[in-house]
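Inspection log for the structure reproduced underneath, given as structure tokens.
Letters are used for the chains, namely A, B, C and D, taken in the order the chains are written, and counting of residues starts over at 1 for each.
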Amino acid sequence: MHRAGAGGGHGDFHGVFPYLVSPIDDNGHVKEAVLVRLVNDLIEAGVHGLTPLGSTGEFAYLNAAQRRRIVEVVVHAARGRVPVVAGVASTTIAEAVEQARSWDELGVDGILAILEAYFPLTEDGVVRYFNAVAAATARPVVLYTNPQFQRSDLSLRAIEKLAATPNIRYLKDASSDTGRLLSILGVVGDRIRVFSASAHIPACVMLIGGVGWMAGPACLVPRQSVELYELCRKGDWNAAMALQRRLWQMNRAFAQYNLAACIKGGLEMQGYDVGPPLAPQMPLSDAGRAEVRAILSELSAGPTVQTARRRTPGPPDAARTSSAGIEAPADRSTSTPRRRAIRRGTSRSAVRRG
Amino acid sequence: MHRAGAGGGHGDFHGVFPYLVSPIDDNGHVKEAVLVRLVNDLIEAGVHGLTPLGSTGEFAYLNAAQRRRIVEVVVHAARGRVPVVAGVASTTIAEAVEQARSWDELGVDGILAILEAYFPLTEDGVVRYFNAVAAATARPVVLYTNPQFQRSDLSLRAIEKLAATPNIRYLKDASSDTGRLLSILGVVGDRIRVFSASAHIPACVMLIGGVGWMAGPACLVPRQSVELYELCRKGDWNAAMALQRRLWQMNRAFAQYNLAACIKGGLEMQGYDVGPPLAPQMPLSDAGRAEVRAILSELSAGPTVQTARRRTPGPPDAARTSSAGIEAPADRSTSTPRRRAIRRGTSRSAVRRG
Amino acid sequence: MHRAGAGGGHGDFHGVFPYLVSPIDDNGHVKEAVLVRLVNDLIEAGVHGLTPLGSTGEFAYLNAAQRRRIVEVVVHAARGRVPVVAGVASTTIAEAVEQARSWDELGVDGILAILEAYFPLTEDGVVRYFNAVAAATARPVVLYTNPQFQRSDLSLRAIEKLAATPNIRYLKDASSDTGRLLSILGVVGDRIRVFSASAHIPACVMLIGGVGWMAGPACLVPRQSVELYELCRKGDWNAAMALQRRLWQMNRAFAQYNLAACIKGGLEMQGYDVGPPLAPQMPLSDAGRAEVRAILSELSAGPTVQTARRRTPGPPDAARTSSAGIEAPADRSTSTPRRRAIRRGTSRSAVRRG
Amino acid sequence: MHRAGAGGGHGDFHGVFPYLVSPIDDNGHVKEAVLVRLVNDLIEAGVHGLTPLGSTGEFAYLNAAQRRRIVEVVVHAARGRVPVVAGVASTTIAEAVEQARSWDELGVDGILAILEAYFPLTEDGVVRYFNAVAAATARPVVLYTNPQFQRSDLSLRAIEKLAATPNIRYLKDASSDTGRLLSILGVVGDRIRVFSASAHIPACVMLIGGVGWMAGPACLVPRQSVELYELCRKGDWNAAMALQRRLWQMNRAFAQYNLAACIKGGLEMQGYDVGPPLAPQMPLSDAGRAEVRAILSELSAGPTVQTARRRTPGPPDAARTSSAGIEAPADRSTSTPRRRAIRRGTSRSAVRRG
């Protein structure tokens, strides 16, 4: 199915943009097959765009070659069906500009601009950085700010200055302060559109005027995420909150663990062999695995599955066993490739494609 | 107008609870007349309850005698029309228990329990404190947590433990992390009801299942606050957000200044002689005054005034010139008591009572 | 032994000023006898001054009556032998001024001025506060700053302004940043003298030009603290560091626990019935007790005891078995007031006076 | 002059190790000539070792090629006269191991191991990282910890575990908490030697048992730094503190600015064309320049110059005009290569070489 304009004519970004994980093998190579499969499945689940090299994508743990290959694989796999907005992240303008130009040449639809810092920066330095990235591409730029992880935050005044740059058109805020988003919209809402991150409640961000969310958990529950987005868009807030409450269990649990470990661990449960986060990050602990498994299991049952019947059958290489499906733990240890293929096929027609 | 059950039968708290300022004169005495007038006006504006000795009430700056007198005056002035939920705040259990008992005897309808700390506390110590306060009163207790100001926060696990205490029935969260509220509701939502603070967007907290807000800004814009609450309750989210966006200007501005200085400064502009915050806190700066004045002026105009026609005329000593009304700066310096009385009378019939 | 001018002619403060604990019984009354005994023992151990109502003295947990009584008892017990520098601590100028005047009337030799804050203060507000305290007393004032616990810190610029006030003559810094002290001395070293806190290494503060330390651990090891001070004053840095290394074990251990719980717990082991910290603070945990006990035991043995040869043997149940001596736990439970009285008398002549 | 064992037989590191700046031109190439000259001048000034790719060396702002070239140039320029301890810094074990192996092959004498992190790490992850770096080289490893800049700190327990690894033999602490160093020495002092950073007072770290310091300011005042080190080693603490007080002005000033901007700006004043810090970092502000200039000027005068007479004349291409010498600002704008050569020659024989 081709989703013309799924992400908004590929220049009008909106909706659910999963932060893609970065599957890397022991030799440091991108595990391309599983990344392609994840891209296909997410698009078929209805996501509106894809964001490689976000925080969940472990951008801070990848070298230059790995980053480039991730972008190449994702752009190629997406085949224009949804926009790809790839992360650019550096401490220096020189390196960020080089990344932006490279991603541009590889065919991305937009740039997620992330500022890293070691020494604190002045506001002028922050503005210079983002404007340099924007000048390096003709694509729309999404400003990214995460006060928790970087040493420099985007002040409201810096955002106001940056909003004057024509292709700086979006902001993705990874704080947990939703009021900050309303303040930003109050000042630059006519020029900048706002995406939520997983630390905000997506339904709240939609209520106050956001256009969607870019977040890791959507990798695990793409269909429900899209359903939530659609309920918000329709203004069916009661139904939206009913679904939001169920999905929030995941955000609540993930806040206790390394985010990349959670998403990668959950994807492994769903049959995606994406591997652990890059060392010395540790794989999800046993307690974390149990918690993620329980949540995915609970989310795969229940009322949100009903919409699945509208879907058409998908290709046989699909993996998910259910909406937020997981394989039973017992099955995993004994499963063979053959059994997995069967189970996957079943699950797709039965649940995801119904 | 008597508002039977305005705050919920005085045991089912909900709606808008302004954090009352604490007007203290140069000799350290409570300025009772202006406090009584503020209480009357807020009740007539429709607020659902009153909260003396919250953070905006400068509890941390008042001595024992001042705190006691504030509670006495407010309870007496409220005359049972709306519930009074008074702040109890201490570093020690002994002192907190004494306050809770005293407020109880003075006739409050509930206790807002605030934990102060100098040395960090264990979770057990935190739970002990709040349970001791709850045991000292038969009234409903509102847990208060403000990670920004105190050194000990209420963990989700501590809240879960406290929810087992029958009269711990509410929580007022002063963080800016709305997702935290949804997590709390996910765990103890069947036992604990949640109030927002001014750092959250009230409409968002209502959307996710909150029952109202306790906040300083409602002192300045009580009628619009009540209107916002009613729109949220009706599920008219479009209208709610239209009003919320206008009101949020105030929260955005206040985040830059000392909160008590802002509310007291704004009330002075509205004709309430509440004085400055207690020294060494500084009065609102000139820049702050200009910003608060502009916002109050903007809020007092426009579409939200339309609902005023439902109201009945009030007593002649009312003070507000308009919904969020302010006196023109030029007028203030030259105004005489007589001119003020005239202006007040006019404003009341024309705007607030219209 | 009378120590005329031990603390410097009572206006030239220097040396070891133990932060006194505040022993409070279950009814909220000051346990006067044990406080008097502690004061006497510390003076006889050679300390140069006494500081009631510091952080270890739980000033933040005491009500007005308790604070006043502590100061009265300490001033009376000290009988002018060493200077008493009492803590004044408040969020408001009005209350701080009242405390300073009261302590003055009670006969203190100096004021330790502590600023508490709830809302952040401007630098002007900070300067106003300390200058108001200084204006309320003719005694020397010690500025206290503890960035860890209060919300407002004394900037270098604020200190420079305050140094112009004649009776602001000392600073006690409770950060762990010794370089900050050298910076302060570089700017106001001709007007302000600097005391260390327990987060600094006293020997280092002495090396860079400090005049002593005000700290809780000196309650437990007064004699060794004085010995360390004297070694530093003589410039015998090798011996000073040998002793400092041994004493630092205590600071290292205490950093893990509530400081008041550690000092009170250690004093209990030494036979001072000072009770636990005020609830909801928890008494020292079992692990903490074991660690404090082991350190006190180790400190009471070994080379620093060499000065003990001046001593005469004491009875086997002596309260302080040595310089930093502890009683065996079993002894404590069986001791009677009578036995304790005997032991105290004995221990004083036998061990501490030896 | 050959300094056999200057840094301790190149395996027994001690003394002053300047953190070298990384001069990069507009095309991203290492400015090799100025780096070689700086290395030569520092060695001739008596420093005991060199540390490329520390924080002052902007390791966090350099790409893989730049890092490698910096190490190559420094090792080649040092010609074995003093040990070169080069920084390895990454978020991943894979990348850190590759750097350690490469620096090893390039001939460094030791590795400064820096952990970067985006998501918080468990203690196990931290230990794994440092042990992996140590396993990748036979050279001594210096653990680096900077709680201010990275998201994961080395706990005392992690350090204890790492001390069991034979070639982990040093620790360089960039906190400002000198007591932490004494705690570390108390636990692993028999296995791990400690270097100070510029946030500590070097004389204090020497007093408590440190073996030297690794810091950026030593680039600007190498001779005085070495003099301070020698005074500390001799136990001449009075003279050491007299010099330390003068040098501390620099640390005090630098704390206000970007450290790389300060050191690079100061070196430019001394005639080293190292350029500004990498964008978007800003060059030193005018106020910062004036302050650095005044301090260098003050340090270049006075008693510390006296030891210069021991030195022999150096080559004509030397740059420094005096011990901490700076060129007069007026001169800089008008100076020609010829005038510079003259001035440099003069300064060397007159002051640095005496």
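To be clear about the criterion, a residue touches a chain if its C-beta (ideal position, glycine included) is under 8 Å from a C-beta of that chain, and two chains touch if they have at least 3 such contacts.
What you see is a predicted model; the values in this text were computed from it and never measured.
Shared residue numbers account for over half of those found at the interface formed by subunit B and subunit C, and the copies are therefore classed as meeting with the same residues. Its C-alpha atoms superposed on subunit D, subunit B is turned by 180 degrees; the angle is given in steps of 5.
Centroid to centroid, with C-alpha atoms defining each point, subunit A and subunit C lie 55 Å apart. With each centre defined as the average position of its C-alpha atoms, the distance from subunit A to subunit D rounds to 41 Å.
Shared interface positions of subunit B, defined as residues touching 2 or more other chains, are absent. The touch graph of the protein chains shown is a ring with every node of degree two.
If you check each pair of chains against the touch rule, the ones that pass are A-B, A-D, B-C, C-D. Subunit B makes touch with subunit C in their complex at residues 28, 55, 58, 60-61, 63-64, 91-95, 116, 118-122, 124-126, 128-129, 132, 149, 151, 258-260, 277-282. Note for the complex: subunit C touches subunit D at residues 176-180, 182-183, 185-186, 199-201, 203-204, 207-209, 235, 237-238, 241, 244-245, 248-249, 251-252, 255.
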